[in-house]
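Naming follows writing order (A, B, C and D), and every chain is counted from residue 1.
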């Protein structure tokens, strides 16, 4: 079969996104039309994008697509070249799959904005964000990469602040953009260091091709500095602890389709960047790089999930889980770096694939969960879980999709989260033997922390799903909720299917990684990754662990008759009666008696008290005895220690310094004359 | 192919048949140690049969989740059980997953059970779910670290059968400090996972102390049967795991009837010994306050860490 | 031009330049505005004298007469008259409380003279006319500067600015022996005239709006 | 065909016409026409200077234009055109609100073309003395513009502007005189004071004198160009002037002063053959950037915020030139151009906001300008995006070009400091503008200006900015490269 070349697909996708931007801006007076054309062209573009990525990844190594210039160069060093190489194609696949589902979902979702906000503008930003993100993944020149990166940050800011009537959206936007920009500053410096090392003379010295040849030729100091800058810069975007504080603030306030995009794709650009620079450009890494990345990953994972548990704002909870999952991804990447250092390319392949597979998986299930949260928000007009409940009966399809996402993100078999975490565990386990230094302890300890993370995530999603969807509605909003529009369900359904597919058929999907690992590590996929006719996932060594999610699922279905047989055998005559829940003899349960989200996470809050530093305020009103309270007011706050101990003092310090500086401009012309005078005197004395 | 289907069927039957017996033994022995007569060893079988025949009352607030939970729990526990080698070195489903899938499947069951606890809108259920998930979370690192330790000794394979083979090895490895420590850690985890004293009291229905029982408070009839059965199967497979990996004596390495029979005998003996240990612990300890449980489990984590350290410190 | 003529011219110029410096120092301690204006006129007159001497003693410097004439008309007559009128119209004639008292001011100005000398020292060989005229020019600049930030009355600041301007003209004549091209001189002259007029307008408006001419009250714009 | 003299005459004639004219629309039209003509002439000049002999001289070399001058001419005329487009509507509303008298408006329309003429003369004059007095003329004409509103604060600003500016120019005159003195010493004949002549004899000038001269010129013209710490008049004047004047001041006036400084820089470098003057530029540029950042972070007044941002940009231009590699100088020139297109839009928008809210205190303005004045807010937002150096607008490219050149030439530290200062400024502007533009207006404001007031000027300039950000015509590139060559001494 003669498929069109990936390049053509890519060009079509870019054009379609571009068209979407322009068309929805032009159509912004007619909101229905703008909705249709804006998200319609994004849908089309997404399909093209998937085509580009799949053809790019399957057309064999070294044949990913040729480089083409998007626009002629204007100024020195700027080459607007685009090339779809395997790594880029993989990330394009992520963004395109998500874009497809999100665009379909958005048709229905943005109807909620009709008459309130300008849908055309939203669609235009949405398309622009996707365009910029696609370009970030395909740019083959660092200068161009930075341009796409900044446009991406800018459009993301606009989308975060889209509902700017809410103060929290404005503040979140500012915080996001400032941190993102600081990160970009680091990236600029990092790339400039590479550029300088490349000579900085030839026009192509910003090209990825040139950077690729640098590798081990870089001096150690420069390499380490660049590593730290990149880690910081991309880390901010990815939301690693302690650079994550913008993430739980910014992601929830955006419209939910956008939140899904932010959490699903945008933070992955940080992962893309790290993979690109660390595996593609910088040669054999020193040991401490891998150790640092692995440590950061572990800390991010654990802290991310712990903070997530403390949230009862559904979207904030999901945002914190993004931090956790970024941590898990970084565990894979960090392990891969350490293996590269000790020259275990096969293991490095395993670890890298684990990280990247989790990247894909997280994109899918996090987007799914955000879409679910969006549907809930759409139906109940609140993000506070304490006001939800009982939605499973009112929004059954949404509930099902959310449940699938919850199982997937909790890394439970047989869904996709389990598969990638399984690969990560395997990589960590294998890592123990790669070195004799004490560093090897890192691997199992990280594994243990990953286990803690997984279990806490499960706890968190029991809470998220249970409190949101199960039991009685806790507010009128929740009681009056309705199932959302079919397009929204279709969007969620698509991602649900993707979760299941990626969970059950990992071996099919992993084949796509072959050109990628060849490109980055010069190592084809280890054969053991796909044993037994391709349905069982192995690791890199013979007799190592294996897993088959498909087998587990099929076996589960085969076992289903067992309880049914028992039932038929013993209890054919039994009846089922619907009755009230046991209420200890009271007059019936009210929603107030249900367990709350805050209550649910209380044990964990107590266990990790030293970390959360919770503050509680209790006000008791009573008539005659404190034991018979009339009214009880209870508040519990948790503020992140990073915010209170690091960012706030830093911010305050900078502002205090700036205010002091303002004293220089105090309004007195005499003082100003003296400045000039002193400048002149100094110059006369020293410059001559 | 035929053989493996047979193996699956046999092991499933073994799991289902043996699990209530182990629970019954523990209950009975515990009573004996406390100078009570206690229920008969076979009592759990009668209980299950009774539950299956009873009508069900389902909460008006419950959704389909409530009805699905028993099945998911039951099947995931059975699947986990099929991955553990019991009488034969090769577990029927060892290709489909090793230690990690085992842990994952148990977690899947727990996840749904916790949802089932929340579904009927009862405060008890929520409380039980919350505590169950918390304790599981705190137990998980110790469990994983212990598994890592054993897996490292087994050429870094997470396949339970491989671990077993490696443990059989030329010498019995329990004398290895790494194994001793890992066993201790896993034993604590076993107590936590199966809801035994000092972490949870399986016999209590006192509202404020129960964990597992609180979650399943609303279940009745055949659903309760499935849930109870799953609990005992889970207990069985965890004990089997401990027994076989740390005491790999007499396990059949081929599939002849004689060796399988011998192996079954050994297996029963080991199980009962382990059950005895559990009973001893349960009788000699009081239940811990909820917020002391993490201390115990972090002790398990430290034991596991020491086990890990000793894999290369003492070699 | 023979050497004795040149010597004479040089001495005259040095004398007049020194006179300019002395007047400058007097202005630093002078508080009466009208007196200050008169002192400035005198200083300008000396500058005009220097220009005239240059024009007289040098063959190819006829256009310096223009400079002398313009200075005479502009800075000796017109500007002092303008400023006088302004002072009378706004009815403020005394400087109050400069930042530094007169003793300190004098000491500081002595320091500036020294500094001017130090700065100009490497260039003494370049001077075409007089001795240390460049040093005096720079000193005029520095003291003019000092005058500007030591005083609070807008008019004084204008005067100080004009003395700096005088310093520039002095250095132009002293360093080149024939001043700058005529078009430049004319341009500078007209600029100075316009500048003073603009300043006058502003002073007048400030006086109207603030009912004061104290520039230290102009301190609302901060940060 | 004469080219340079018409460029000077057109605005001067417009100024004179306005002096005589009575109708305000006619005055506005005359302004617009004159600057449209100069834009046209500027483009013609641009085409002419990229062909051999690469220089246009008129009036016996009294007027001289090379690529650098042509580039400046273009900037001046474009910004002036934009300003005159905006000014008509702006003053109509001011008159309606009664904050300004008809006489003052006339003053504006007379002085603005004269201001522009002065700037044209600065960049077209060959004689350094003429350049000086042209610059003084621009200062004097703009002073009255700054004081146009006759408020207490505007008088204060004007006073500071004129005193500091005149003092600076007096220092510059010292420097100019010293330069001339350096040239005359060799022979007793009266030499030409033309820059082109001085360049041709640069090697024979007295190096010490040139050094002394440059110090004075640096402090002097640096004051006018707003380099820290001589910049103190800048935020006052920019914030108190009517917005069209602020746009002119910030958009081109600063750069014209910088141009004058550059001419001396080129001469000094040619004479000394050392890095003396460029190091000075680098130091002052960096100083300006670093000083501007904290002021931007805690600014409370909208137009002062913009003024400090101008300080930052001028600093960057200086750094670009001070780094002295062809790439950085090219970047600096590019930056001049983009900044000239961006900053006026911001000031126009600020003017609209000022007229509508009657204050520039951001605390009182915000939030919710986007609801109140949508077009203004969008234009301001876009221009702010550009001014903070974000793509797709050109300032990102020019800033990156400066950084690239800096790194390529091995100035790692300087470039890093530049980047940090840019980041800080970004944070401040983003924070402040988000506060006022977005959100819901606190109270319904009466007396809001028409929603699309002044839109043509803003939209046209933004469109030009966007077009030239993604597409630079060949002649424009050529002229900048040549100008970079002139500054770089090649």
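Definition applied: a contact is a pair of C-beta atoms (placed from the backbone, for glycine too) under 8 Å apart; a residue touches a chain by one contact, two chains touch by 3 or more.
Since we're looking at a predicted model, the values are computed, not measured.
Contact analysis places A-B first among chain pairs (by count of C-beta pairs in contact). Chain centres were defined as the mean of their Cα atoms; on that basis the chain farthest from chain B turns out to be C. A comparison of C-alpha centroids places A closest to the centre of the full protein.
The mean-CA centres of chain A and chain B are about 35 angstrom from one another, to the nearest whole unit. Inter-chain spacing, taken between the CA centroids of chain C and chain D, is 31 Å. Per-chain CA centroids place chain B at a distance of 78 Å from chain D. The distance from the centre of chain A to the centre of chain D, each centre being the mean of the chain's C-alpha atoms, comes to 44 Å. Shared interface positions of chain A, defined as residues touching 2 or more other chains, are 662, 665, 669, 671, 673, 676, 680, 684, 688. Multi-chain contact residues of chain D, defined as those touching 2 or more other chains: 159-160, 163, 167, 171, 208, 212, 235, 295, 298.
Chains touching one another form the pairs A-B, A-C, A-D, C-D.
Within the complex, the chain A residues that touch chain C are 662, 665-671, 673-674, 676-677, 680-681, 684, 688.
Of all residues in chain B, only 8, 12, 16, 49, 52-65, 70-71, 74-76, 78-79, 82, 93-101, 103-105, 107-108, 110-111, 114-115, 118-127, 129-131, 133-134, 136-145, 148-149, 151-152, 155-159, 162, 217-218, 221-222, 225-226, 290-291, 294, 301, 304-305, 308-309, 312 touch chain A in the complex they form.
Of all the residues in chain D, the ones that touch chain C in their complex are 127, 129-130, 132-134, 136-137, 140, 143-144, 147, 150-153, 155-160, 162-163, 166-167, 170-171, 173-174, 177-178, 180-181, 184-185, 188-190, 192-193, 206, 208-209, 212, 235-236, 239-240, 295, 298-301, 304. Those residues of chain D lying in contact with chain A across their complex are 159-160, 163-164, 167-168, 171, 208, 211-212, 215-216, 218-219, 223, 229-230, 232-233, 235, 276, 280, 291, 293-295, 297-298, 327, 330-331, 334, 367, 370, 385, 390-392, 396-398, 400-401, 403-405, 407-410, 412, 415-416, 419-420, 422-423, 426-427, 430-431, 434-435, 438-440, 470-472, 477. Contact residues on chain A toward chain B in their complex (touch as defined above): 389-390, 392-393, 399, 403, 407, 410-413, 418, 422, 425-426, 428-430, 432-433, 440-441, 444-445, 447-452, 454-456, 458-459, 461-463, 465-467, 469-472, 532, 536, 541, 543-548, 551-552, 555-556, 559-560, 562-563, 566-567, 569-571, 574-583, 589, 591, 593-596, 599-604, 606-607.
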